[in-house]
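One chain, chain A, links the two complexes that follow: it is found with chain B in the first and with chain C in the second.
This part shows the complex of A and B:
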């Protein structure tokens, strides 16, 4: 095993890490050209969005060690922001003429038969502007939802975040005539959700970027977003803030006594993690062409958490591998399996969460550090294992003594 | 920490508590109770009716909450799969009725016998399942970081939920053996239904039996000792692994009973009923102070009333309703977790 590891190490060291990264990037860019438009490309696009969310959650769970079971709340907020700013959800805005900022012609007007133009109602803002609006809003909500949890640790923190994850979609769902019964604006269309949503277009272009027949540009946009996320994640991890996160994760008291501001450090983790959830949420909202409360279930939070854990908490590359593996399995692998499994007599996709549950269980029992753990994390886990072994040995001696005395 | 300081100053007279302290300590229970009283003055009959529904519904939550609180008290783990154990209990009892062809038209004596026998069978099934879950998912991870068993618990919950999905893909009707919605008698304009009486008749003996078991028997003593300090308990000759298994057994049995009651009470079961029920019951356990058995029962009843009042719609002019109830319950969960993590009743007891 060690032999293999060193050999693999010398193999990877043939080229500098930057070269490997560039090679992976080139492969990722060329990927859609090789496979053409189809189910696989659609699955890959969704996967890229999940990679962003997994990396965002990794900041909260992997770097700062704050277990968040309600990450879906930020996906919901991000998706609703594009729903509000990229659809006909608010038909009375601007006297029914709508607001249009740098969006495609298709979202701006309908041509009339006599050559005139009929304005499309609602707020329509360019996707690339909405992204930043959504990131700001979700970061703010990350802080607001994170603030009450600052005193909590472990299980209690997990439950409070879970509760937020359940409350936020309910608030969206029920705000069909005003928020909490105040006012009469419809924010969500209830269970039906908001649809259709504007397709992405470049700010200087009058045409939409992609169509259902040619999804490749959507893939590249998503890939660009992933590259941005990875870049930010890497820079953050190595920054002063990133080191503070890891210090807080390992020992809060020690970190605080070394001068780390716990409140600010944790709130930054929540804010930045949430912002990436919104970032991916905007893309998924636009790409799926619908924002629907049914998408925002507890299972989704666990799905993303599973990516982080299976890949290796705290390790950016591990999390990417975990996200790609689980998401491709869910979006592409299981449906394919389904075509083969007629004799099984049931829909394999319907129990996909059960299969994930099984993976989580096996993974935690056999390899709690994940596929590609961060070196520090592996040390932490082994340290406790060694301590546990010593403790067990000591207790074993005692029980032997007890038996002798009997 | 707190306990130590109390024993040190035991000889000195206890410092007089200021009104402010008492208000701080009881602000949340007072707020909840005050809200209920205000609502009662606002709509007397409807509120009484809601309180009744809430209390009988809360019986089910209390039974499930006991499982959470027992397990958390002893291994400090949120058994996420517990809601699914409850669901399986309901499924097992429905399957038994279906297999033996018991319907509402069967004779009364047979119905009573079937309920009693199948109650025991459902409890056995759920208890066995819960013990197996502990063996497969939690025991291998004892001593691992706390995150690990929490994740396997979620994994287990998903697996069982999908087992339920394969077992009964669509919501199933339960035969109305007890005439659930028919009226028994009326007090203060409140109709007491068969289902209310049924829930009380089954639950109260179980609760009393469990409290008796934990508080007076030798095994119960072993459980309390293990909850306080597993290592010391082991040194005293207590088989800790077996005690933990026993705890899961008891918790599972309560969840199985809750499953049967729920099935006859609501007359419909579905594979995802365990998730919400589990979260509600967990909220109840936290409200009562996790590890505190009587607290869990009280918490279950309180949550039941909160739910029923919220379901009732108009709360002091606020347009609540069934669609808001989950948000209300989880909102209260957050308030309790953040401001009263030791529970509404303030004792930091374990298994007491």
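This part shows the complex of A and C:
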């Protein structure tokens, strides 16, 4: 294993890291040209959105070490933001004439212009503006939902975040007459969901960016969003805040004693992690052309968390690999099981999550640090195998000794 | 500070009120039925090296934790440099200028030595999140200066393997790294909890010289918990002895050495 690792190391060192990144980017850009506009391209586009979410969750779970089982809440909030700002959901806005910002007749699926003005009710804001609005709103909600959990650790934190992941979609589902019981506006259409959602047009262009026949531009938009996410993740990881996250994950007491404000540091992790959930949520809302509470299930939170764990917590490239692997497996691997239903005499897809869980279990037994682990995580998980670690283990977790106040 | 509670007139140290850096008056800490620290009055003057000694379980570390905000003292008041830091959060205490090391080493194990020290700098760095993402010239300069400063501090404490992960460092080096990390926050008072534990005589002597150097060159006061009597007697201006949570003696090393209550506490009444 070590041998393999060093050999892989010498192989990757043939080119500098930036060259590898550039090569990967070029390959990713060229990818749709090779495969055409088929089902695989659609799967790839969805996958890219999942990559963004996995990277966002990685900040919370991988960097700051806060186990979040309710990440779907931020997907939901992001998706509903595009639902509100990119559809006819609010027909009475502006006296029924609607609000239109940098959208065209085509991106809002409105066939004709009326005197040079868009004749469509509701709020319609250009996709590229909405993604940043959504990031701001989800970041705020990341802070609001994170704040009550700050004193919790481990299992307790997981349970509370899990509950938030359930509560948020239910609130949207029941917001058919006002939000949080305020007002009487329909915010969600209940279980029907919001549809259609505006598609993407460049702010300066009248034309829509992609069609069902040619999905390539949608892929490139998603890829651009992934690049942005990776960029922000890397910059933060190598910053004062990134160091503080790792310090908090490793030892809260020591981190606090070194002057790290635990509350602020954790809330930043929640806010930035959530912002990327909203970021991807807007894209998926627009791309799927519908925002429906059925999309926001607990299973989705687990799905994204599994990507982070399988890929390698805390490692940006590992998380990307994990997201691609699980997303593709979900799309192409599990449906294949249907073919087994005949010979086995029962519907295998009904236990698909069980099979999924089994793979995760095998993964955790064989390679708990993930496919491409971060150096730090590997050390944490294999510490006991390293000489001199017994002493550290004997001291044990002394954090219980202190009443860390936040 | 005349109108505030102070420990100055309750300690056997000849110090003017304006020379007091840390003033801990009437500190008690009770855990359920156990009185771990009982009404301890304690001062640290500017540019001083003072020690806190006592048998195991005397409440020394508990007292430390009350000073640094890890525990909320049951009673008492702590003021530092004229500012009330009683029961303030640990990061606020550190920001105010009190840095500490831990008896059971608490390094960030999977970070390198340099990164550990950079975390120690956290309260002195000004970078904001937008600046970090855009990596503005200011942030770039600050990070570069921080790395260089971290290496200087590691040099100062005598740690050679600056890019080694903390967990891979030998025990003595981990102790040194803890001191460097504490110094990174530019403290006025450094609290060392058994810094020479696990060090040999030569290393202890190096540490003693370092403490003298910090005091004379950087005007840092040091409060020390220690079991190595050679270090204590050589380095301290003033020693306070705790036993069963109570202050049983204080004074110069000579006075404490000859104090019968101290001898009794350490060796038992028959000695």
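Definition applied: the second predicted complex is superposed on the first by the 348 of 406 C-alpha atoms of A that agree within 3 Å, B and C clash if a C-alpha of one lies under 4 Å from a C-alpha of the other, contacts with A are read in each partner's own complex, and residues count from 1 in each chain.
Here, contacts are C-beta pairs under 8 Å (C-beta built on N, C-alpha and C of every residue); 3 or more make two chains touch, one makes a residue touch a chain.
Not measured: the values here are computed from a predicted model.
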Touching partner for A:258 - first (chain B), second (chain C), both, neither: second
Which superposed partner A:174 touches (first chain B, second chain C, both, neither): first
Partner chain in contact with A:356 - chain B first, chain C second, else both or neither: first
Partner, of chain C and chain B, that touches more residues belonging to chain A: B
First, second, both or neither for A:247, with chain B first and chain C second: second
Partner chain(s) touched by A:38 [first = chain B, second = chain C, both, neither]: neither
Partner chain(s) touched by A:239 [first = chain B, second = chain C, both, neither]: second
Touched partner set for A:160, first chain B, second chain C, both or neither: first
Footprint overlap on chain A, where chain B in one structure and chain C in the other make contact: 380, 392, 395, 398, 402
Residues of chain C that touch chain A when the two form their complex: 65, 68-72, 89-91, 94-95, 99-100, 102, 104, 106-111, 115, 118-120, 122-125, 127, 129, 132-135, 139, 143, 165, 167-168, 181-182, 184-185
Partner chain C, residues of chain A touching it in the complex: 232, 235-236, 239-244, 246-247, 250-251, 253-262, 268, 272, 375-377, 379-380, 383, 386, 389, 392, 395, 398, 402-406
Chain B-touching residues of chain A, taken from the complex the two chains share: 67, 148-149, 151-152, 154-156, 158-160, 162-164, 166-167, 170-171, 173-174, 181, 298-299, 302, 305, 309, 346, 350-351, 353-361, 364-365, 368, 380-381, 384-385, 388, 391-392, 395, 398-399, 402
Sites on chain B touched by chain A in the complex: 76-78, 136-137, 140-141, 143-152, 154-159, 161-163, 165-166, 169, 231, 234-235, 237, 275, 279, 282, 286, 318-319, 323-324, 326-327, 330-331, 333-334, 337-338, 341
